[in-house]
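Several structures are given next for inspection.
Both complexes shown next keep subunit A, but they swap its partner, so subunit B is in the first and subunit C is in the second.
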Partner chain A sequence: MPADAPPVDALRFSGIAKIFGGVKALDDVSFTVGAGEVHCLAGENGCGKSTLIKIVTGVYQPEPGARMQIFGQDYAQISPTQARKAGIAVIWQDLALFAEMTVAENIAFETMLGNRPRGVSYSRLRTAAASALARLDVDLDLDARLGDLPIAQRQIVAIARALVSDARLIFMDEPTASLTQSETDALLSVVRTLSARGVAVVFVSHRLAEVLEISSRVTVLRDGKLVGVYPTEGMTQSRLTELMTGSSFAQDVMARDPTGSDVLRVDDLSRAGEYEGVSFTLRGGEVLGLTGLIGAGRTELCHTLFGMTPADRGRISLNGRELNLSSNRDAVAEGIAYVSEDRLALGLIQPQSISDNTVLAVLRRITGGVGLLSGQKQEATVAHWMAELAVKIGKPADAVSTLSGGNQQRVVLAKWLATQPKVLLLDCPTVGVDVGARAGIFRIVRQLAEKGLAILLVSDEVPEVYMNADRVLHMAGGRIVAEWDPRRTGLSEMEAAVYA
Partner chain B sequence: MTDLYRRISTAFGPEVPGLLGFLALVLVVFGVFAPNFLTGANFGSIAFQLPELGLLTLAMLMPIISGGFNLAVIYTANMAGLTLAFVLNQYGGVDAGLWPFVIGVVLAIGVGALSGAVMGAVIAYVGAHPILVSLAMMIFLRGLGEFLTKGGDISGFPPWMATLGHGTLLGIPVPLILFLICAVLWHILLTHTRHGFSVRMIGSNIRAAAYSGVHTKRTLILIYTLSGVMCAIAGILMLSRFNSVRVGHGEALLLVTVLACFLGGVDPFGGFGRVLPVVIALIVLQVLSSGLNLLGANQHLSTAVWGLFLVGVMVLRWGAARINERRRKGS
Partner chain C sequence: MHRFLRAYPTESKLLAVLLILCAGLSIASPDFLTLVNFTSLLNNNAVNVIWAVGLLVVLIAGGIDISFAVAASVVQYLCVYALVAIGGGNWAIGFLFAGGFGLALGLINAFLIHQFRIISIVVTISTFNAFFGLLMFFSSGRFLYNLPSWWSNRVILWEYQTANGTWAELILPVLVMAICMAATWILIRRTTTGRQLYAFGDNPEGARRAGIPIGLMQAIAFGWCGMMAGIGGLMQAHITKEVIPNALVGRELEVLAAVVLGGARLGGGRGSVLGCFLGVLLVAITQNGLNLLGVSPYAFKMVVGIIILLAISTSNLDPAKWFAKGGKV
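Up next, the complex of A and B:
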């Protein structure tokens, strides 16, 4: 045997399955990460990536039959503590840092934790933090308040914290989703440094360009099943897209020419720091896609169209009449509805009932003769929309939080459709909705368009707008920079432009 | 038994059967041990004492359901009472007629509404926390009231006003009738109007309510205005019961109103709460205190028992929730 034996793999998992309420979130998946390797875990939203990470880190237990090995050691079961001790760390999108504490405290506070109470040694804390940053070849002010740093630097802090607790395998969940290109480059260089020092990194991202740039191998999941493990050398973006979405994908573009007349017209709309010179028209029966990176100004534009923030300049007209919206109540009265990207915090009132959430925007319509709310009218409205949108609910009086993501989104749609809108603004309607339910949501969207509704479909997932929109606008840096017809422009071309 | 429980809880809310059980328990225990407990005189005195606390609790209820608070309920009531007292004193005091009374009542309610509207507007537009805003209002009103009354009492009202505080109609105490009317109005307002609907939604998630087109600012102003109006009614009742007004009257009731709301199952985080269980909770509190009184216990002891009662109810609710959960998992 040679002196330097082949290094042990960081992770060797096989036969991993996970069932949630009868649905197979993961089905016989295997996942192997070499020591010091940069590995990518790719797949669409809801393909099982997060579930897999949660199994590796001990948050979920897999179904019986799984074989799990971390750095050569076998585990029958993994608890979160064991996973940490074995050297696994996850950097979630929200980073889980303390905004009010300094960089040094955020990086090294764990060295100060223990069962016995003792004084905090700030000099040791600073030394530990400084050495972690040095291992990343990054220079940060140790005394800066974390909340004052840009998101990219906070990410570095989160990575450094993982190093302090001796992580040898770091998962990064969509780390570049809110970064600019130069910040992304800086992060990728940190990832390379980590890898060079023997720390394996699993990169979870659906931005294919960076996936191919940074990693040596990619594991592709689709609908909870392993599609395969591929070397990134020689892999193209379009091939990877095919693997992630399934081959039938390319033939199913829904785009067609809408027949309705112009409903919503936006002329040279601008709002300082948010969007600039935005013009487009939206026809009845049309699904207009709007895509771009986070921070491109998509949601901000929606807020103005929904009357929640005024534009500095420009015009919005509906059916040829200029609108002057001073609140979203005006917008609702004009027939504009907005499905927020943040369903949990803004789209629904989670603790309240399905029934009350459904009628929230149409209280006037369920008011009876003497000005009192009519329970009968409320019941009828709710029953109508639950049936119309095929929402699977227990009782209308149940809290809306008891529903799955897909059914919750249908309740949001029901709430807005009850207002009988002419224009429907859908802001990332499939966030947190699993794959099967997403198809259901888009079927509803298409049916609504066929009934003549004008729909603006906003998404940061290019495949979604490519598949479901009749036309696609590309927004970047607050401006509309391109318009595409999915029947003429391919997905990879769109993605290349958006994620460039 | 479980069938009865289910029928009551579907008709009146899940808090009601438990509270009725508590009430029955308290009645039986005191009926056995306290002399003169099960007498008309005792229930009559309960019926006269309940409305004051009841009206103030209604004033506290709506802000709490909206996720807020109104610390100024007592002093708003005092200030409204003062307003009525000033008007009556201007028009002859003991000899004042009906018209000064009517004008005084309208002005008193106006003062209550104004106090609430100012709080509501600051909460809605400045975004300050309701506890801070109502604390400021409470201290302002207390200072203003003490300044105007020089710390003393105002008395000397027409004798016929005692009817309002001590009279009966068809054998029912007038204050109780007033309270029941207000409670029914509050119930209708909270469960059957757009305003009440918005109050609950705002209480759970004000931003999501705003995104759905609820006029949150207007609703907040209305919540505190209505709360102020209810305080004013309580203040007028207090005036006619004590036949005098003093700033600080009823000060000890402030936190009891909060206690009654939480006993009545109002969610401390906002969004959920109903009038009926709160009314039953009020009755339980009042019965407890009068029973202990008849047993010869000190007034302070009955306050202590109120506190224990709230702890007991919370423990029981936690237990009931666990049993329910286990049953759901089992089935």
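Up next, the complex of A and C:
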């Protein structure tokens, strides 16, 4: 911290609590950010990070008893407008930018707000945008259409937009989640530039190496409670993981030797620009973990195994017989099921009922004598799987959108299990699912494996595959670069390799 | 040049296609590249362009309006009765009435869409039917010929006798078209409100988070479209000298096709006045050319349909990229 550090902290929050429907999302949390400091907010999904950010930015109101101070000024209540005026900006994960507009217009969008129409001065707009970019020491084409930029440059645009509105404290929610290493480095250097100019940055990231590199202090939350605030100097990744997950989570790894025979065998599978020379075998009753950064080719590989995109080269065989999948209908017929990464958009038809979603992939099997759908068979199938997976539902006729994230994920599972698959591809099954529900999902995964199903568990969260898989494959740049046995290789070693 | 190609990829392509088409038709038919033909093209398509720039604003804001052509018929009837009631009126009052009635009908659409959170296509299909049903019911399908004389007397802005004795002329709707185009351009390109419309159509959630008033955006978009519908209706009756209740039904799809051809995106956030103008012209010149070449009018719709399909399916080709590559090599 520079010697002439301003005495006033950017944020001083204490006694923050938030209760959603009887559940304490945050419980007596305090959070302090120094002016110009790079501060990291760490914790597992569902620990209360996003709730805290939403309280600071006025989206949610905390329970009574909270003390909130922004740049030395006390607030009894904060509205989003007040937070913005106080100099707080948030860069949400989805960025909220305008794809059809130019870079300059996106950055200086603030200047076009207001209900009274005014003339637009494109020269003033460009000047404002250029000066914001200059403060970040980056050079972007002001006339480029935003939608044509790669995601990393859109991040820069979002940050520049915050600077135009004179933000002195910027929250960045998982800004590096979809960036490559060199893009991440560029972003981190922008964060350092900001900090050097007195703008405080609160950084939320799953990549612990990054967290330790960029920030001076880290606030750790677990299950809605403050674990502590630690200087990052001398902190190690494994210590931070321990703080985030807590000793109660330090259960034994689930790995064991599968007993079944080889079910799925992949030989030298390649698809240009996506993955290269991928070979592995998956045995019956085995949970095989596949991890790596976003963009490593994991999802693309799943798409090929599920028959959605053809491989350029290589073989896929099931129970010793080579498969020739030309569509995902072929894959379903062969006994391969795929629970997609984007559950909300691709895995479920939200407005339709739980019942209809469950039988969607097996409509042909629930028909009656003349080929029409049989209500009785549908009811029986739905009842069976809802009980099997312990899905908490009101009525099968309720819309899927009424369920919680964890229960929605179980409905997706039910849909695919109803196809009676031999191989189950699970692509990031716990995205957006809280900690408790995660444990429930993995319990089901383990039970399914014990019944002989071969499961490929894909996840970008290394602890997830470490805890739950029998073997772990590490994918990077489209290739399988390592294979680990969780009983021999430690979590910190795996994380160091993946997030390197 | 490069900057224009980059900012207006669709418009550039359209312009190129239009020039090629014109060159081809000039060779194929001696009657095509004549002053008389071009002025009559402008006269006959001015109303479509007026409607197109109105609809453009709705498309930019991420909506769609099926009801505007029928709304124009309603405005024509209301104007005739209102003008007769006040004893005839004049052009100023005529524009005021036509624009005002059109605006009111547009605001009905905006109100329904915003208040009840119904998507615009459903609302405007409903108001299309409601407007048309009410009009047919109250007019009993009768034509109106009793237009005030200032309205039905042809206003010629410019005329010129060509060498073979025929007259080339430009009439009032062409001037009104130019004014409507300029006004719409200023609204969407040069005011903060217009840029907010683009932002709202592009990313409604992002616009909401930025603090853009959503209801006001809908009101401006549909209000503007309604106002242009009314003014277009006034001009249409000026040309035909009569008001027929079902004369304009069906025109909405023709105009919509032209606007989309001109680069507006049905998802919102994209589109320009120039594109609208070129889109209407492309459809008009194609029909005009087929006509001059003696092709059966029954084939027109088919050809127009094929052009639209071609335009949409090649819309991802980006001429700016060819240009950039060509420059670097």
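As a working rule, the second predicted complex is superposed on the first by the 490 of 500 C-alpha atoms of A that agree within 3 Å, B and C clash if a C-alpha of one lies under 4 Å from a C-alpha of the other, contacts with A are read in each partner's own complex, and residues count from 1 in each chain.
Criterion: a residue touches a chain if its C-beta (ideal position, glycine included) is under 8 Å from a C-beta of that chain, and two chains touch if they have at least 3 such contacts.
Keep in mind it's a predicted model, so treat the numbers as computed, not measured.
**Q** Have a look at where A:112 lands relative to subunit B and subunit C in the superposition and call it first, second, both or neither.
**A** second
**Q** Just subunit B (first), just subunit C (second), both, or neither: which does A:100 touch?
**A** After superposing on A, A:100 lies in contact with subunit C but is clear of subunit B.
**Q** Looking at the overlay, what does A:76 touch: subunit B (first), subunit C (second), both, or neither?
**A** The answer is neither, since A:76 touches no partner chain.
**Q** Thinking of the overlay built on chain A, is A:143 touched by subunit B (first), by subunit C (second), by both, or by neither?
**A** After superposing on A, A:143 lies in contact with subunit C but is clear of subunit B.
**Q** Going by the contact rule set out at the top, does A:120 touch subunit B (first), subunit C (second), both, or neither?
**A** A:120 sits against subunit C, while subunit B stays out of touch.
**Q** Residues on subunit A in contact with subunit B in one complex and with subunit C in the other?
**A** none
**Q** Across the complex, what residues on subunit A touch subunit B?
**A** So the residues of subunit A in touch with subunit B come to 308, 327-329, 332, 338, 340, 345-352, 356, 360-361, 363-364, 367, 371-373, 415.
**Q** In their complex, what parts of subunit C are in touch with subunit A?
**A** 3, 6-7, 189-196, 198-199, 201-203, 205-207, 209-213, 216, 265, 269-270
**Q** Flag every residue of subunit A that touches subunit C in the complex, lowest number first.
**A** Listed in rising order, the residues are 81, 92, 95-101, 105, 109-115, 117-120, 143.
**Q** Under the definition above, what is the set of subunit B residues touching subunit A in their complex?
**A** 188, 192-194, 197-198, 200-201, 204-205, 207-215, 271-272
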